[in-house]
Every structure is written in structure tokens, then in C-alpha cells.
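The two complexes that follow have chain A in common; it is paired with chain B in the first and with chain C in the second.
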Partner chain A sequence: MVADNAHHQDALQLNHSLTNAALARQRFNEAFMHRRSQLRRQWVIGALLIMILIGISSVIGEVNLVHLWDRLPRFTSYFGRMVPELSWATLWPDLARWYWNGWVWLAALWQTILIAIYATLIGIVFGYIASFLGARNLSPHPSYTFFTRRLMELARTVPELVFAVLFVYSFGLGPLAGVLAIGLHSMGALGKLFADVAENVDLEQVKGVRSTGASWSQTMVFGVTPQVLPDYLSYGLLRLEINVRAASILGFVGAGGIGQELYTAVKSFNHTDISAIVIMLIISVIIIDSFCSWVRGRVIGRDNLKAI
Partner chain B sequence: MNKPKLISWRALRPELYPRRGLAAWRGYVVMLIVMILFLFGLSELEVTAERLYKGSLKLVDVFGLMVPPESKGRTAEYLFAIAETVSMAFLGTLVASILAIPLSLMGARNIMPIGPVRFFVRRSSDVVRGLDSLVWAIFFVGVVGLGPFAGILAITVNDTGILTKLYAEALENTDAEQSKGVRATGASRLQTLLFGVLPQVMPVFLANSLYFVESNVRSATILGVVGAGGIGFFLMDRMMISAWREVAYIILLVLITVAVIDTLSRILRQRLIGQSSIARH
Partner chain C sequence: MIPNQVRSAPGLLVTKNLERRFGESIAVSGVSFEVPRGQMVAIIGRSGAGKSTLLNLTNRLLDPTSGSIFYEGLDIARLNGDALLAWRRNCAMIFQRFNLVDRLDVLTNVLTGRLNHPPRWPKLFGRFSEEDRDRAIDALYTLGLDDQALKRADQLSGGQQQRVAIARALVQEPKIILADEPVASLDPINSKSVMDALRTINQERDITVLCNLHSVPLAKEYCDRIIGLNAGKIVFDGACADLGEEELFEVYGSLTALQDAL
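Take a look at the complex of A and B:
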């Protein structure tokens, strides 16, 4: 009787835990289904939204795939016309004919690179100063942070080409306007990135310098600069890469560089001139990019060594 | 501290002491050369103090002429052009993101085993990236004619190059252990890619694409300069006739639009991928 009762108890318990397990499974299933339908609903809503956005912007953007299909032959012929006539037998004369204006283009390219370098220098110097005023933890007063950050936003949101037109109007035609335009834009972009880096410095080191009686500017130079220099340099080099590209189009509005030659070639339908200039441009961009990433690797590498 | 001790320290750590003899002058010589190069560059760029001074005065005048900004009743026209600009940026980035996925798979070391294919994809993306989107825009205006469609194509081509590079780098930075884990369950190569690699890179892909919508709105504002649609046409037009108050009005509209797009994109990024994993730019 006792044994039977125990058996009964066991069975009850088993039954009970079975119900528990079934209940848990059911709950899990419900939760899973609920979550899945929720996710599906989100997906559907997201997809619909994107579809609507695509529809609206296709209409506004005058997207016409039929037109594109019709123009596809023109596409190949347009780029096909850029290919110069080169034959192996008369390679040198052909190349000379292709690059008939080579020295002028080379000088323009040199000017483009100079514009990029000087604009980056302006950006780094002013971005450096602005970063300490714009960093919340370093700035002498919150109002400095606010105004510096807004000024940087303004400087990097207005397109370089707009600045370039403004500067061409006030400083006259030529590379000076380009340097100032790209420099101003770089200051905005670098000032923000630098300030974000400066907000993450180790404040103990800064306090250490401060405790020796250093002024604010001395604290920035000796307490903060050594910590942020590798990052600043790395961002500066990235900016140089961007600025070479930006400098290549300044000539469209008369602000110096190879853009002027390129625009003239396009306007006068000298297709082989276009390809000649574009090839020079691409090669120099690739060379500068690889140089910058090599230097950046060294800068960051040295920093990593210091950290160990 | 006595003198002999000091001397031995100098021998031990010479870099901590002032240099002697010729070496002491090395720094000055380097500085001099850098200064000469700097001044040479300035003269190449035709920079003179006089030009800087006169130009600054004129620039202040121009800023004075910009106040107060005025619309001359063309707000609707400008707003439509801005909508065109945003549409161009959105569509261009969208198509570029879609095109960049297969291309980046072909360019990533850990996914594409055939070296020459990788090389070809990566180098062509370098070439495409080497040209600014405005240069692509003048080409496409030549191909499909004036209008925003040329701008969309320019943004698409330029961004496909950039995104292919960024995506391929993200793919190469994925954790191989996760894909091995998926592989160990008997998954095929395609399944490993879908369930081992892509979940790791999707947040990076999305964050980059959203960031490029933002940055393309900025760059699309100038595509109108060469006739490829958007607000740039009006901006340049007003500048060329020195209607500075209208220029200021258009610039203000652009600034507001960019601020709105930035905020929207930040909110979207945070909702889609969580705050911690946002790629920092």
C-alpha cells in the first residue's frame, strides 16, 4: 500500500513535470512565434519603406532604364573614342601624339598635388588648434566647444567647389583660391575628427603637466599632443588622399590644377586628351595613396610599439 | 652627483643629452630645407601677402553682401532641386551597395582563392576611385545627356569603387573561427558564406552604406555644376551672376537638409546595428 502510494506519488510528479515541460515548450513556441512574426513584420515594413523611397526617388531622379538601354551603345562608343590609336610599329610617335600636350598637363598635375598638400597643411594646423577648443574635456569653456564645433560643421558641409567659387571671386583666378577652399573644408573635417580623438585622451597625463604650473596652451602642447599625434597624423594623411581627388576638379571653376585641362578637353570633344589626362591623374592618385598608407602604417606601427 | 658619474650616463643614454658638434646643427639644416621647400611651393601657387590681404577684404565684402539671405519667391523650385539631390544620393548609394557586395566577395583574400581575379577587382576599384564623382558626372552627361540620371550614374560608379574596397577589407577582417564552425556542421561553401561570414560583416556594410548616403548628399550638391542635376545648378547659376543673397539662402537650405539627413541616418544606424558597433569615421 505504502509502496503503491509512493509509486502513485512518483507518477504524479512525473506527470506534473511533464506538464511543466509541455507548458515550457508551449511558452517557448509562443514566444518564438511572436518574435518571428514581429521580425517578419519589421522586415516587411522596412522593405515596403525602401520600395516607396526607391519609387519616389526614381521619379524625382528621372531614372529611365529604357533610356539607359538605348544609350548603352553610346556608352561604349563614348569611352571607345577615348582609346588612342597605338600601333606597335610606331609606338613612340603614337605615344608622343597622344601626349602632345604632356608637359602642360604635367605642370597642371604638379599644381594639383601642391594644392592638395598645402590645403592639407592648412587643415592640419587649424584643425589642430580647433580640436583642443572643440574637445569637451579640454576646452577652457563650454561656449568655445559649442562655437568651434558649429564652425567646423559649417566648414565641412559647404562643398569645396562652392568655397572655391567664392574665393575665385575674391582672390582671383588661380591655385590660391583652390588651396583656401580645400584648406577650409579640410579644417572642418579634420577639426571634428581631431576633437573626437582629443576627447579620448588620458586626463591623468594632462593633470600631471597642469600640476607643474603650465598654462592652458602649454598643457595642450606637452600633455595632450604627444598622446594624439599618431592619430592626428594618420587622419591628416587620409585627408591628403581625399584632397588630391578634390583638387583635381577645382579647375572646373577656375581655381587651379588639372581640372581646367580636363574640362577643356571634355568641352572640345578631344577624347584622346581626356584619356591621357585621366590616366595621368589616376596614376598619381594611386602613387600618393600607396605612399600615404605606407607612412600611415609606420606611424601607427610606432604607436603600437609604444603601447607595448 | 660627481662629474665622472654624469659622463658615464651620457655614454649610456646619449640620446637624452644635447648633441655635440655637427650633429647639433642637423635639426636646423633640416628645418631650413623644409622652410625653403615650403616657400618654393608658395611661390609655385602664386601666393603673395598682397593677394591674401586684398582677397580677404573682398571676401569680407562678399559675406556682407550675403546678409540677409533671400529666396526671391523661388523656395519651391529650390526645394525640388534639393529633393532631386537627395534622391540622387540615395539611389546612387543603393545601387552601388548592391553592386559592391559580389565585387567585394571577388576581391577578398579569404573568399576568392583565385589571385588574378582578386587583383583585377581590387585594381579596377582603385582606378574607379581615383576619379572624383564630378569627373564621372561629366562623362555620364556626355553619355545619357543632362539631368539627374547622369548624376545617379556618376555616384553609382564612384561609390561602387569605394564600397568594394571597404567591403572587401571588412570581409578580410572577419573571424575565421566562426566560418570554420559553420563549415564543421557540414555546410557547403555557399552556406558557410551566408551563415558564417555575412552575419559578421552585415553591420559594417550597412553602417558604411548609410554613411555614404550622408556624404553623397554633400557631394551631390555640386554635381549640378556640370549639368548632372540637383541644387548645384542653381547654386552655381546664382554665384555666376553674383546674386549673393540667393546664394546664402540656397546654402542655408543645403545645410538644413544635410543636418536632417545626418540625424536620420544616425538614428537609423543606431537602431539597425546598435550603438557599440558603429563604424567610426
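Take a look at the complex of A and C:
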């Protein structure tokens, strides 16, 4: 023991002597310079590669700046046609003429929002269940993780519009197809986000619940859910915002909501109708977005402030 | 496995040649002991000696690589499904870092100790029976925490949190309590109250207690028997009085480690 200690102290003294410190610094400097030149080379190669890729993709994608410049006036004149005739003297009659179909549009808008809410609920419920199976640290078996993750990928890579077309074909025209289409897509997106959150839980707390003889599902509810709830809620509300926007165009394929009206307006060249509907949409999206971020701020803010 | 091979008595816990490896390293190796019902046993040893692994194996939060654990003649190491969950209920754990769910209130944390008691399904939706709730409050009262029941667990001090963890263990109605360094994160006063609580439970309710301890004086003060582990093997197993300087040196392997534990 004693001999061992003495030897240990010798080693300490050597390490602290001046010559060794200078040597260590020199060795570090060499390694540092080498690493830096390596990084620089990687950066140059990376930048060149990205520039080449941009060039290739602009050729393949037929991105033509001259063409864009030539046709810009057409785009602006289309906007011009969408502006209704309004004058101060006859403002109310003008507005009434602009929003001649306002009540119908409002009902359609309401339907759009309901589609978004129901779809988000579907996404949250199924995403919640899938998240525990898809989280690598919680799943009962690695194969569950694999299949759940692949299923979620499938559900969120297929665009909502494609799902909507399929569901309109099988369930008929109307909001049900929209709810299912957006719900499925939301499940895929939320399931993945939720699973990523669940992979960061404190496993000590989970172990505490598991040690009592709780079943797997009980452990998820009592050990994991309290930890992930604020994040799940936050992502769920974010999804609601996204879904309102998604639901607004589903009508294009007959899956209900304001999109149907917008589609009719575009097809029948009622240019002022288009602007009327789009303005209603923008206002409702703004209202819902600010409502969601207010709730989110309250939910997360309260907790994070306490942690600091 | 033939259960008759093992001595079976009410409340008797037996391990035979228990071994657990993590990859190349061996955490617990050739561990055999018998603990009769109602004994309070301290398990001592340096960090990394395999104390935690041994308790986690006993509760089956970890599976042994080989060897057996018998409780009343039943082979614990081969249980699975509901029988395994029921065993965990019978064999409550207390952890160094308390392992309460921070964002749940104290009462719900204690109620998690009732999750394995039937009916189990309603509990998945947070529906506990009146009886479960009464038990939880009783347990909290026993530990002097009934007035904290509705606070969030992370608002309590360390000593209070550990006593909530003991309440959770109590409502499991366990046969055995496994305490993994229960006082290592606590100051001396809280350490005393937690160790007192464990000893009282042990004596009044005839519950076997296996307790990993870092401090030899605490082990001698509170326990009937001491098991010393070194590098995963039992190097001492006997009454507190028999643990002399020589035995201690064998458990801790070096003077510095020993001084740390005294």
C-alpha cells in the first residue's frame, strides 16, 4: 500500500513538471493545426459539392430565371383582378357584394376547423400509443420499435391530399374523408415526435414505477406520461395549427370544408370570391395560431421557469 | 428445476450461485446466501462491488446470467409474465435517488405501489379504489407526511422524498424490502429518520429488509447481519459482532476505501 502511494505521487510530480507541460502543449498544438486544416478541406469540398448539386437540380427542375422575370406581370395582374371594387361612399354595399356568399363560406370554414380538431385528436390518441412502442428505451421488444417507426414513416410521408383522394374514393365525398386523411398523417408525424420525446425520459423515475410490479402499460401511464405530457401537448397544439391549414385545401379533392368553396371560385373565375375566401382563411389561421401559442406558452412556460 | 432441492420455509429467501455479467465484466458471481423471514441484512462493499446489481437481480429488474433465486421454494429467476409482476409487488424497492415520478403528486406516487393489486385495469385510467387511497394515506401518516399528500413530489426535500418512497413500498404490502443505498443522498439527520423507519417496519411488520449501505457504522447499528461483497463475490457473511478489522479489510480491499466507509 505504502509503496503504491509513493509511486503514485512520483507520477503526479512528473506530470506537473515544466518540461512535460511544454511537451503536452506542443503536442496539442500540432494536433489542433492538423484538425483545423482537415476541417477547412472538408468545408471547401462540401461547399463545392452543394454548388454543383444546385446547378444540376436547376437544370433538371427547369428553373429558368429569365422565364420567371418575363411572366411576373401575369402573376401580378391576376392579383389585380382579385381585388374587389370598394369605395368609401358605398363601403357597406360593396363589402356585402364582395362577401355575397359569406354565411355559406363561414359554415364551410367552421367545418374546416372541425375537421382539423377531430383529425388532431385522432393523431394525438394514436400517436400517444405508438410513441411508447416506438421509443427505443421503452418498447417491450425491439421489433415493436422497428415496425411502429416504419408505420409512422409511411403514415407521414404520404401527403394528406393522396390519403384524402383514397378516402373520398372509399367513403364518399365529405368531411369524413378529410378527418381520416389528416388524422392518419398527424398520427405519423406526432407518433414520431412523441417517440423522440419519450426517448429522453428519466429512466430512474420509470424504474421506480416498474419496481412495484406495475405492468408495461401501467408503467407508461404512471412513470412516463407525467414526464412527457407538456411536450406532447405542445406538439399536439402545433399540429392543430398545421392541420387547420391542411384542412383548408382538402376540399379541392372533395374532402369537405372551405377548400370546396375555394375550388369552385377558382374554377368559375370568380376572382373576388377567391380573395374573400383567402382573407377569411388567413384571419382564422392567425386566430388559431395565436390561441395555440398562448396555451402552449402557459403550459411549458410555467414548468420551465420553475426548473431554473 | 426441482423446488425440493432447496430448503423451503415461510418467507425464506435463498440465492444459489447467482451470477450476472455485463458484456465482459462480471458484476455478481457465485453469490449464495439464505435470508430467513424478518431479518434485516446489510450488504456492504465498495462502489462497483455488485451491491446494486444483487438487489436489482432479486427484484428481477435485471435477469441473472446464471444461478437461481428462491423464495419459499419458488424459483424467482425463471418467473415471467404476471407471476414476475406479482413477485416485484412482493419485493418492494427503495432507491438511492428515490425514483419518484417528479411531476406526480405525493399521493399518486404512493398509489403506484398499488398498481399490481387487483383490479388492475381501472388504475390504468387513474381510478384507484377508496381502500387503496386509505392505505396510501395511512402509509404517509406512518411516515409523518400525510400533510404533504397533494404536493408535487419534486417540491419535497430529499429526506421527505425518500420517506414517500418508503410509503410507496409499504402499500405494496411486500414480503421483502430491498433498499439500494437508501441514505447515500441524505444528510445525517434525514439518514437517521429513514433508517429508523426501515428498522421499525422490519420489526413491527416482520418484513425482511436487504439494505445496501455505504457506511459500516450504520450497518452495525441497524442490521442483524452483514454480507460483505468484493468484486461480485461474498467475502463476509455473519453477525455484526464478527465483522472485525481483518474482515473489513477483505471487503474493502484498501485502507483508503475502508476509511471512506467508516
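Please note the rule applied: the second predicted complex is superposed on the first by the 253 of 308 C-alpha atoms of A that agree within 3 Å, B and C clash if a C-alpha of one lies under 4 Å from a C-alpha of the other, contacts with A are read in each partner's own complex, and residues count from 1 in each chain.
Here is the rule we use: a residue touches a chain if its C-beta (ideal position, glycine included) is under 8 Å from a C-beta of that chain, and two chains touch if they have at least 3 such contacts.
Just so it is clear, the structure is predicted and the values come from calculations on it, not from any experiment.
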For A:L68, is the partner it touches chain B (first), chain C (second), both, or none of the two (neither)?
-> first
With the two structures laid over each other on chain A, which partner does A:G213 touch: chain B (first), chain C (second), both, or neither?
-> second
May I ask you to decide whether A:Y144 touches chain B, chain C, both, or neither, giving the answer as first, second, both or neither?
-> neither
Report for A:L229: first if it touches chain B alone, second if chain C alone, otherwise both or neither.
-> second
In the overlay, answer first, second, both or neither for which of chain B and chain C A:E204 touches.
-> second
Enumerate the residues of chain A that count as touching chain B in its complex and touching chain C in the other.
-> none
Complex interface listing, chain A residues touching chain B = 53-54, 56-58, 60-64, 67-68, 71, 74-75, 78-79, 110-111, 114-115, 117-118, 154, 157-159, 161-162, 165-167, 169-172, 174-176, 179, 196, 245-246, 248-249, 252-253, 256, 262-263, 266, 278, 281-282, 285-286, 289
Under the touch definition given earlier, write down the residues of chain C that touch chain A in their complex.
-> 59, 61, 85-90, 92-93, 95, 97-104, 108, 112-113, 115-116, 120, 123-124, 126, 165, 168, 172, 254-255
Show which residues of chain A lie in contact with chain C when the two form their complex.
-> 1, 202, 204-205, 207-215, 217-218, 221-223, 226-227, 229
Once bound in the complex, which stretches of chain B touch chain A?
-> 41-42, 44-47, 51-52, 54-56, 58-59, 61-62, 80, 83-84, 86-88, 90-91, 94, 126-127, 129-132, 134-135, 138-139, 142-145, 147-149, 151-152, 218-219, 221-222, 225-226, 229, 232, 235-236, 239, 242, 251, 254-255, 258-259, 280
